[in-house]
Amino acid sequence: MGTKERVVIKLSGSLFGDNAADELKKYARMLLEISSETQPVVVAGGGNVARHYINIARGFGSDEASLDIMGIEVSRLNARLLIAALGDNAYPAVPSDLEQVSQAADGGKIVVTGGLHPGQSTNATAALIAEKVKAKKFLNATDVDGIYDSDPNKNKGAKLFKDITVKKCFELLGSENSAAGTYDLMDIVALKVIERSKIPTVVLKSDPSTIKNAIANKATGTRIIV
Amino acid sequence: MGTKERVVIKLSGSLFGDNAADELKKYARMLLEISSETQPVVVAGGGNVARHYINIARGFGSDEASLDIMGIEVSRLNARLLIAALGDNAYPAVPSDLEQVSQAADGGKIVVTGGLHPGQSTNATAALIAEKVKAKKFLNATDVDGIYDSDPNKNKGAKLFKDITVKKCFELLGSENSAAGTYDLMDIVALKVIERSKIPTVVLKSDPSTIKNAIANKATGTRIIV
Amino acid sequence: MGTKERVVIKLSGSLFGDNAADELKKYARMLLEISSETQPVVVAGGGNVARHYINIARGFGSDEASLDIMGIEVSRLNARLLIAALGDNAYPAVPSDLEQVSQAADGGKIVVTGGLHPGQSTNATAALIAEKVKAKKFLNATDVDGIYDSDPNKNKGAKLFKDITVKKCFELLGSENSAAGTYDLMDIVALKVIERSKIPTVVLKSDPSTIKNAIANKATGTRIIV
Amino acid sequence: MGTKERVVIKLSGSLFGDNAADELKKYARMLLEISSETQPVVVAGGGNVARHYINIARGFGSDEASLDIMGIEVSRLNARLLIAALGDNAYPAVPSDLEQVSQAADGGKIVVTGGLHPGQSTNATAALIAEKVKAKKFLNATDVDGIYDSDPNKNKGAKLFKDITVKKCFELLGSENSAAGTYDLMDIVALKVIERSKIPTVVLKSDPSTIKNAIANKATGTRIIV
Amino acid sequence: MGTKERVVIKLSGSLFGDNAADELKKYARMLLEISSETQPVVVAGGGNVARHYINIARGFGSDEASLDIMGIEVSRLNARLLIAALGDNAYPAVPSDLEQVSQAADGGKIVVTGGLHPGQSTNATAALIAEKVKAKKFLNATDVDGIYDSDPNKNKGAKLFKDITVKKCFELLGSENSAAGTYDLMDIVALKVIERSKIPTVVLKSDPSTIKNAIANKATGTRIIV
Amino acid sequence: MGTKERVVIKLSGSLFGDNAADELKKYARMLLEISSETQPVVVAGGGNVARHYINIARGFGSDEASLDIMGIEVSRLNARLLIAALGDNAYPAVPSDLEQVSQAADGGKIVVTGGLHPGQSTNATAALIAEKVKAKKFLNATDVDGIYDSDPNKNKGAKLFKDITVKKCFELLGSENSAAGTYDLMDIVALKVIERSKIPTVVLKSDPSTIKNAIANKATGTRIIV
């Protein structure tokens, strides 16, 4: 029990929106397939529902830390949804701190969690979880194909990295414009964790077959070199 | 501290939807006004967001008890939103069992909670909270004007009761068609609690001024006679 | 681990009274025997000790919700007693919410719990647990032989149902006199849960051999048709 | 708030038996009276109900630590009963560790607790609570008039001490016959705590007027000199 | 109660070492003095004891997340020490998440906490707490006089900033050599929080009179402009 | 799982000091070796770090119960250190009450805990744990070779007992001078627990090979006869 290698997969909150019923079925099937060889520990993001709550509460003058907590609560609801899709293959509850994640993972089932701490992105949380469960791989499944040298939505000629050093990642983040505050805050912490624990990390497009490829060590997305 | 008479107000989950930013501002103002004379303990419903999660998870074959838990989690998110709208006038956390509600109410601030237990509607939960905090009144703010002798959406001539006995309520529920299962389940428990503890109860249209009228003992909605 | 079919057994609080030492030994032996083929999840009632505390506290003017909590605490003490009788065959703690029940059951041992929530009978709680652990059967072991068409203590000619529909159960409850308030409250919720999740249910006389027969699908007590 | 001097009162479990309805009313009235000048922190014992559960479970071969936990649970039920009798004058929940006792006491109301830890008598627990809340007095209300030089039930000429040193107490305990194991275990720990924190302690007959006298520093029972 | 303006003070773990007995007495006196006009919420660091445990566990191959948890546990022990020095003026327990901090602060006493979350420096945690309790000021009391344009230990001519923008802080951190990883990780998160919530912040030498000056808005250390 | 016989080993806090890195590596290796035949449940003491915190807090006038809590927190840090040394062979968290110990032990891994309750030495706690997990042996690993007829540090001719009755232990403690208060308090409780549950106990010098010998039933230290 619990002897398979572990992989931490961060899933974007966008999966849990209007098409969640269809999307999550596919992801559940994929997770089940890869769980024959590896133990997935999945971290769900917040997505649109989180933004709905956060925007309204921010309009009421709520402090940012409380908004973070709201986002975490929504990501945990999303985690419950994926647990429902996985049925008996999933650990039946959503762990709420690192030690609970660790104990849940010890049971050998697929573990699904959401955010853990205010002031920490689900990216950073996923990296910490990878540390704590000694994961052999951390897959950050996002809405883009990987890390680009500039914003692919604004710059048609943006180039996708196949490999990138952590140092280079920091440089890219440093050059970003400050309006993207929340975004890079999180990635800096995640990168620092990846760096300090030398966690093999891939940033890739969220898609079941892409994730399966990454598990099988096929080249896809951007590999972060530690 | 905590010496004002308490009133429990159940708010429909429909308030926490797309217009929540505007609606909750009005409700927060109303709650603040009535809190000069009474201590409100508010129970938030789940609404559309709850239905979103529940429907998808039910499609995955999730058991009903787990769906109830999802609904509770969403109602707690809704409670957080109203707490944000109330700022320092609200108890800063969402109590998660009856004893926590009781301790929170002891501090004298407006308390906002969501559902507490699977298998119990927020109506029934609100009635139990009214029991536990020895509320002088229980207002069930709904999407209709009160209790009718038949469904007002289907029957144009449906008559609104000004007063109704608990016994008559049970008869009405008993005659409903069984497809409305979840609905009457909840109301039967709520009614039993109202009956056993003789809690003065009004079922009324959710609207800040209507609620204020009910607090001031002006006739509005349907009064349940115990 | 945890792959056997589960059965939820509600045990009347009357087992935990003066003859508990003898009674529970027999029940423990029976549970052990049936656990070779099925995983029992047992819900203990409150019985006389619960009534002792509740009556006194009600005399002090305690609210009904607090009385429910007392009843729950006693049912958990009763659960500890059965756990003691089962020794290493039982999960060593008393779960206190549905998710804990679910996690305890995952370990494969016999799980024993008491009430979970104020405002919910142990019958209703047992039905919710049956939902949550996806039990294949729910046995409600009571002080009578099953469901009668009238009160067998008052009416000598009362007829025992072999099978009964949920709809018929509701009718019987509706016709009961209102003094039996607490009793039918609980059963209505339990019935609604049984109905919504189509849980095969038998109401039967609490007796080890009768329970064994019900596990073996031999006709006994009253079967509720869903 | 919380500025009155505190007194810890250990109440024997025998108060919570068949006459609890009458007895606790008197004790509640007394506690209310003394609370105008002092803040009582009450520790309830387990009594007959505890013995009922413990004896049966011991017969099942339960380990002693689990039996202690049962006794604690019963003492907490007894605490709930006294809280019910005190109504709004009592802190509404039963604290379950020393820090919770301390936080509850900070609110200024009468606090009622039961046992806290397996392996510790409610006497010893009461002494620890007296330490933690910096009580000015610890009253141990028992079924006898105080500390005797020999067992007053066996020895008609047994002499009651008006004052006794801790050292002398230890000697008396040392000379007891070993069958009384549980009893002296508890008192040794309680005495050690009293000694290390120099807590003014009186062992006295449990009776409302006797307790009031002790609060008023009138001579009654046996005073332990530290 | 709880109506005074709040100030969050991060205290370096170095205060809790060999001279803690003397140092903390002075800090307690200072905190008591400033608490007549403001409500201090103090965050204790880990210091040498934390390093002792972390270094050994890292040698055993412990993951970094578990090391963070050890550091948090030590900072909470340090918080207990300061609570002991403050006696009745302090909230009697160490809150362990943001909502507990918020509830503790509501009571009006001085609140002392340690770290809250793995992967977050006590600096960043202190900034989050300042957000959550809507502090009017955040004082980061360190072992140096404030923020320099280069390391004052290595560069004799290092210049102390009186004021510095958040943007300039990020630049300074970006130019640091990567060996100082843990250090800047933490400060980046803290800075992001300060920036998003516009929390008036001063980095200053840890010394009771310097802190008092900063509370009184006298120029001292480095003020971060938001 | 969990079917091996259990042994409870109390380790002195002195192991967790300056040489902890080397010492704990040896102890981890030994525990791993004996865990092929037995399941160790280890209780860590507090040692010098505990004394550091306790002495300072006592100087601040802290109550003794709060000091006990500090000691417990340090012993839990020490437990974390041994868990780090054991890696995947240890249960990954530190249980904080008897039922958690019991559930942790059910998983079959080596369990490491610290103190559990204020007012209870880690010796007494270890004895209670031995009761609760039905250990076949309790090894109290100390800084001396076993139990002497007088203090071996003061009396060169002090004689080591090979076997000693519980009764004789009580006599020895009774004759100790009262300055050693805390020490004997703890041992009396531990002895009472050993006596009531007839737990085979050995007091021995803390050393990996000595402990292995005791596990193998080779004569070493002092055996307490129950």
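Which chain is which? They are A, B, C, D, E and F, in the order written, and residues in each are numbered from 1.
Convention: a contact is a pair of C-beta atoms (placed from the backbone, for glycine too) under 8 Å apart; a residue touches a chain by one contact, two chains touch by 3 or more.
Predicted, not measured: the structure shown is a model, and the values here were computed from it.
Undergrad: Could you tell me the least number of steps, going only between chains that touch, from chain A to chain C?
TA: Each step joins two touching chains, and the minimum needed here is 1.
Undergrad: Roughly how many whole angstrom separate the Cα centroids of chain E and chain F?
TA: Chain E and chain F have C-alpha centres separated by 36 Å.
Undergrad: Per the centroid of Cα atoms for each chain, what is the distance between chain B and chain C, given in Å?
TA: 30
Undergrad: Please compute the C-alpha centroid of chain A, do the same for chain D, then give the distance between them in whole Å.
TA: 54
Undergrad: Which residues belonging to chain E are in contact with no fewer than two other chains?
TA: Residue numbers touching two or more other chains: 66, 69, 99.
Undergrad: Please list, in label order, each pair of chains that touches.
TA: Touch list across chains, by label: A-B, A-C, A-E, A-F, B-C, B-D, B-E, C-D, C-F, D-E, D-F, E-F.
Undergrad: Could you pull out which chain B residues touch chain E in their complex?
TA: 92-93, 107
Undergrad: Which residues of chain F touch chain C in their complex?
TA: By the definition above, chain F touches chain C via 99, 102-103, 106.
Undergrad: Touching chain C in the complex: which residues of chain D?
TA: 20-21, 24-25, 28, 49, 52-53, 55-57, 59-62, 66, 69-70, 73-74, 76-77, 80-81, 84-85, 87
Undergrad: Using the touch rule from the top, collect the residues of chain A that touch chain E in their complex.
TA: Chain A residues touching chain E: 63-66, 69, 98-99, 116-120, 124-125, 127-129, 131-132, 134, 167, 170, 174, 178, 181-182, 185, 188-189, 192-193, 195-197.
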